[in-house]
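Each in structure tokens, the structures are laid out below.
Paired with chain B in one complex and with chain C in the other, chain A is shared by the two complexes that follow.
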Partner chain A sequence: MGKLLAVTLIVIAIGSAIPILAHIWVPPADISTHGYQIDEQMSDTMVEAGICFLAAQIILGVFIWVFSGRKPGAKLRTFPGGAKGLVGAAFILVGLEVIILGAFGKKAWATIYFTPPGADALPVQVQAGQFAFYFRYPGADGKFGPLHPDKINEANQNIFGLDVDHDPDSKDDIVTAEMGVPANKEIHLLMHAKDVGHSFYVRELRIQQDFVPGLDLSLHFTATKVGRYEIVCTQLCGLGHYNMKAYLNVMSEPDYEAWIKQQASMQ
Partner chain B sequence: MNTDNWIRTSGITIALIALMALAVLKEHTVQAAPSESSVTGTVKLEGTPPHQRPIDMSKEPSCAAVHKANPVATETVVAGADGGLKNVVVYISDGLSGPAATEVAPETPSWDQKGCQYIPHVMALNPNEHFKVTNSDPTSHNIHPMPQPGGPNHEWNKSQPSGAPPIDAAWQSPEVAIHVKCNIHPWMSGYMVVVKGPYGVSDDKGSFKLDNVPPGNYTLTAWQESLGTQTQKVTVAVGKPTSVSFTFKAK
Partner chain C sequence: MHELSTHAANHAPPQSFLRKYVFSVDHKVIGKQYYGLGLLAVLIGMVLSWLMRIHLVWPNFAIPGLQWLSSAGAPGGVITPEYYLQLMTMHGTLMVFFVLTNVPFAGFGNYFLPIQIGAEDMAFPRFNMMSFWVTFVGFCVLVAAFFVGDGPPLSGWTAYAPLSAIPGSGPGQATGQTLWAISIATFCIGQLLGSLNFITTTLDLRTKGMTLMRMPLCTWAWFITSCIGLLAFAVLLPACILLILDRVAGTSFFVPSNLVVSDQLVNLSGGSPLLWQHLFWFFGHPEVYIAILPAAGIVSHILVNSYRRPLLSHKAIIYCMMAIGFLSYMVWGHHMFLSGMNPFSALVFSFPTLVITIPATILVLIWIGSLYGANLQINSASLFALGFISMFVSGGVSGFFLAQPSIDVYLHGTYFVVGHFHMVMGVAAIFGMFAGTYFWAPKMFGRMMNETWGKIHFWGTFVGTYCIFMPFHYLGMIGNVRRYSAFVDDYLQVPQPVSLLGLHFSVSPIEVHEFISIAALFTGAVQLIFVYNLIYSRFKGTPAPENPWQGTSLEWATSSPPPWDNFGGRLPVVYHDPYQYGIEGASGDFVMQNSSEHIQTVREDKKVI
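Now for the complex of A and B:
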């Protein structure tokens, strides 16, 4: 019976590793300039965690195989230093693993988050609110007008609470329901939450960043492949969370120019 | 019996039946005719209507597809080519007494969600008049009417998935007006106007009609969601329709 359990354990462990090794469930192709670092980090983590997982399961199986059915009273060798030594060794081993992964991961994180956007990055503001994303482009003047939360009005689609009659900077601001960006152009995304915590997640961009109410965070990225991608909220934000999404439309430069002109005419 | 005779006989029979039916109908209308009158009229908009922002529904592909050919815009002011102002609620704000003030309209109007819009955009109701909220879309909606906080009517917020049974609801007290929104689709906006007595909502041409108005002197109020209210005094006489017109100035 013990030997059967040992074999079953090892078979399950190897079986569950097959789909991963065979790359059956792969993430969608990366469309950003920074995404390869995330992907490398992910695969490093997968390899490392995978080796540890398989090793642990196989060793467990081997121990069960070897020590099952032993005679009562048989003498066992103990780990050097006993239980204390065992826990200490495990602590050092797992600690080293976490620190090494962290050290490599930090590099990828820092090149994405701790570098400022380029001077010619296109600023786009995204506002998350229950339960939709809206986007704002600064228009010709390159400046965003101030927000007046008391002026937010869904009935006339003043989603951001702009006061175009009094704020000259707001006059040419363009508010859209879809995020259009030119391909191969750096985007400086300014994130603003209207009500509660939300998250901005685009799988293909390898970006996932929370919105924090009262804290305007920013990100920068460059999308390289033309296409339409889903932006979803990945932070449970209330009843309609499941339906909180928008689309990222990566376009060629001329297509983007035409799109933004059309959006401006709709304001 | 020859053919001519047969045709004649059946012709006379049909004519007789038709006459009898007419007599019955006539009698019926005479009986139903009350000592009440109607107030009809039109609401006009003077000046250029404010720009209505087109609505981008790309977040909800099923609704975006419905409006692909004819994009919809906000409906804060909807005016026809001849200046007729739509979605104005006309009601008696002063002068009502007796049963007319407490009567509840017998209809159960529908508040439909179709193509991610509220149809109608503005609905008038009596206190305790039941209405049905329906969802004709293949997507979920959530109906969120927002009466004045602390007032006699209470805010509610209910989800209605596609294909769910209608939601039956009513407002207890008069309130002008209750804004309704959908939390899932922030562009959805509508108003429920709860008033006592007869009411009318203006159509595409700006025409409205208040039925069953007892004779008397009244103050009529016309309410528009972004242009505010206007009032007018009228005298309604028995059996004589009264005509009234309102003009709103574009802001």
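Now for the complex of A and C:
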């Protein structure tokens, strides 16, 4: 039975690696300016983790094959180098891995979170609520009007709680259910939640960020490829969580101008 | 301090049924009670996972009888999206708290820790009884959530605020969520009492000759785990109390100002949802090690026995478990990389998370390295112990990805995470439980378990769990989001073209989910073999000898099952390190800890040169 376990382990190890090596399940093509760093980091990690995984499972399998079912009283042997060698190897190899992954991984994280958005970035506000995302554009004046949560009323289409009668900045604000952005232009996303925790996830953009009620968070990114992409919620938010999604519509500059004008006329 | 431990002999063994089997102060009875409660919880949890997997891939399938449990949640037996989340919350809560914490730690620990150190009972037997019955109350309160109002909560086992703090935020978030919080707070009290007891017993009640380094590895694991538990549950308890106050007393620890739920402005202000996340994960990450360390200890204990040789290093395992326990308190923020906390802190939390792989790797290398040149004995217990190593590695390597904040940006909240934690803390810890059961059932029940059924159970479980949890990683790689009660995302409907070894075909992610569901139903069914084996062997199994596995530690130095005071009034005296297997010059293949045979012990650090 030991030999069967050995074979099973090796088959499982190699079988698990095949879909990875065959690139069957891979992230969708990246459409952001920062995403390549995440992708590189992920494939580096895949190589390192993959080697650890295969080596450990296969060596375990081989040892089980060799050392199970030996004749009773067979002489015991000790692994060359003993515990000291293994502890040393773990410290050096894993330590190196930690330092390398840590150092390189920092760069990708830093581009997303430590660099402020450029001065000409296009501000878009996103509000997450049970169970929809809504987006707000500042309009011609470039200013967002203040929010009044007590005025939020979905039945009257006052999603954000704007007071257009008293706040001049709110008058030309554009509220949409779809997020239109021009390609190759930096977007400064201003995030807040209306009710409970949510999350903003666009696979192709390599962006994911929680909405935390009570906190105003922001993100910035540049989408490079025209197309329609799903924005989904990844933070458990209640019964309609699975259905909470919107679309990110990346357009060429003229298409975007036409789109935003059309949205403005519909307010 | 062994003279303290004579207290059990000072009073007569209990006579009445109630004192003997129900409100017993005997650690062995309490250990079995914890084990039984864990078994009940794991069966419920498993059925819940079946219901979830059925709903995910066959959403319109009517499950016969489910409408009687909840007519609103499952009208006509068809699970609604909200009921899916409620089942999911209960699955997670039952499994993490009442199975992974209860069985490897509280169950086996209670039964075997006092015996392995040569004590007659725990240091505080009444506290011990109380800890179980408090836990039992917690369990009843949790399960009661199925039968109240609109059912159990839907906020997941992590109960993120403000979803968990505002009663109007969804079905089950009223009475159900309050019951959940009361249940977990109660559970914490039970664990705190248990942890105190374990620590005191280990430090004070060791028999003559039982130095700390002569304790078996599982005893060490329980001791280290109780130290972790004492700190972790001491944080979760107040967190749950604050949550209960938010819900019933009008406070606002976790609810910020200006929230609008269902078009109603919530009349609370000033709280912080991140505070809940910090408190919860400060408990939550150590909890992972509370689940896995006892399993690692049990597995080490069983591996030495089936290798018939000492591990390459006894001390290295102990120090690594300590290091893991210590580091487990510095990594909670890796659950919160994307939560909006200061992005600099993500890097701070990422580093110890990566570093914790060093002691974990040393454990694995010693388990595998010690197999070299050993005389491996294959039986149900050792199969599960070897399976544990495989699962621990598979679940561990995916941690490399999630430990890095930049990769977590893509993988957070996907099935990759589900695959990772199920393998490393769920399945691995459960493999430790199974290994422990096959190994110790003869001692606990006085009868051997059936080996043939045990091996069938192992093969079904081992292959089955890989079929369930490995594909989760692939789904996570394409960004499949977890906690969705239906897969409505566009890309999930699209078949992926596959070219493999000259074959061309296509697989859609939904088909992968179908495969997982079938594997889950199969693997769950295999567990019924285990239940049958356990119950059948309990009554009809071959009577167990005192030392069926030719073990060396003190639990094998007393009858099976042990008398109520463990050693019949004569405490053993310990002369040796715990694992004297295959010692040259000894009279047999092994030397028991309490054997006065003189053997030439080689110092550990000299042995390897």
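As a convention for this text, the second predicted complex is superposed on the first by the 239 of 267 C-alpha atoms of A that agree within 3 Å, B and C clash if a C-alpha of one lies under 4 Å from a C-alpha of the other, contacts with A are read in each partner's own complex, and residues count from 1 in each chain.
To be clear about the criterion, a residue touches a chain if its C-beta (ideal position, glycine included) is under 8 Å from a C-beta of that chain, and two chains touch if they have at least 3 such contacts.
What you are looking at is a predicted structure, and each value in this text was computed from that prediction instead of being measured.
J.: Once the shared chain is lined up, is A:188 touching chain B (first), chain C (second), both, or neither of them?
T.: A:188 contacts neither chain B nor chain C.
J.: Of the partners chain B and chain C, which touch A:220 in the superposed model: first, second, both, neither?
T.: In the superposition, A:220 touches no partner, neither chain B nor chain C.
J.: Give one of first, second, both or neither to describe whether A:240 is in contact with chain B, with chain C, with both, or with none.
T.: It touches chain B and chain C both.
J.: Classify the contacts of A:177 with the two partner chains as first (chain B alone), second (chain C alone), both, or neither.
T.: First partner only.
J.: Would you check which partner chain A:154 touches, where first means chain B only, second means chain C only, and both and neither mean what they say?
T.: Both: A:154 reaches chain B and chain C.
J.: Which one hits more chain A residues, chain B or chain C?
T.: Counting contacted residues of chain A, the larger count belongs to C.
J.: If you stack the two complexes on chain A, which partner ends up touching A:129: first (chain B), second (chain C), both, or neither?
T.: A:129 sits against chain B and chain C alike.
J.: For A:267 in the superposed arrangement: first (chain B), second (chain C), both or neither?
T.: The answer is first: A:267 touches chain B but not chain C.
J.: Output the chain A positions appearing in both contact lists, the one against chain B and the one against chain C.
T.: Shared contact residues on chain A (touching chain B in one complex, chain C in the other): 129-130, 154-155, 238-240, 243, 245.
J.: Where on chain A does chain B make contact in their complex?
T.: Those residues of chain A that touch chain B are 129-134, 154-157, 159, 176-178, 238-240, 243, 245-247, 266-267.
J.: Residues of chain A touching chain C in their complex?
T.: Going by the criterion above, the answer is residues 1-2, 5, 8-9, 12, 16, 18-20, 22, 24-28, 37-38, 41-42, 45-46, 48-50, 52-53, 56-57, 59-60, 63-64, 67-70, 72, 74-79, 81-87, 89-91, 93-95, 97-98, 101-102, 105-109, 112-114, 129-130, 149-150, 152-155, 161, 194-197, 199, 201, 203, 206-215, 217, 230, 232-243, 245.
J.: For chain B, which residues are in contact with chain A within the complex?
T.: Contacts found on chain B: 53-60, 74, 76, 139-140, 142, 157, 159, 179, 181, 183-189, 225-226.
J.: Help me check something: in the complex, which residues belonging to chain C touch chain A?
T.: My answer: residues 80-82, 85, 154-156, 160, 162-163, 166, 169-171, 255-263, 265, 271-274, 308-309, 312-313, 316, 338-340, 343-344, 346-347, 350-351, 354-355, 357-358, 361-362, 364-366, 368-378, 383, 386, 389-390, 393-394, 397-398, 400-401, 404-407, 409-410, 412-414, 455, 462-463, 466, 470, 474-475, 477-479, 481-491, 496, 498-500, 507, 582, 607-609.
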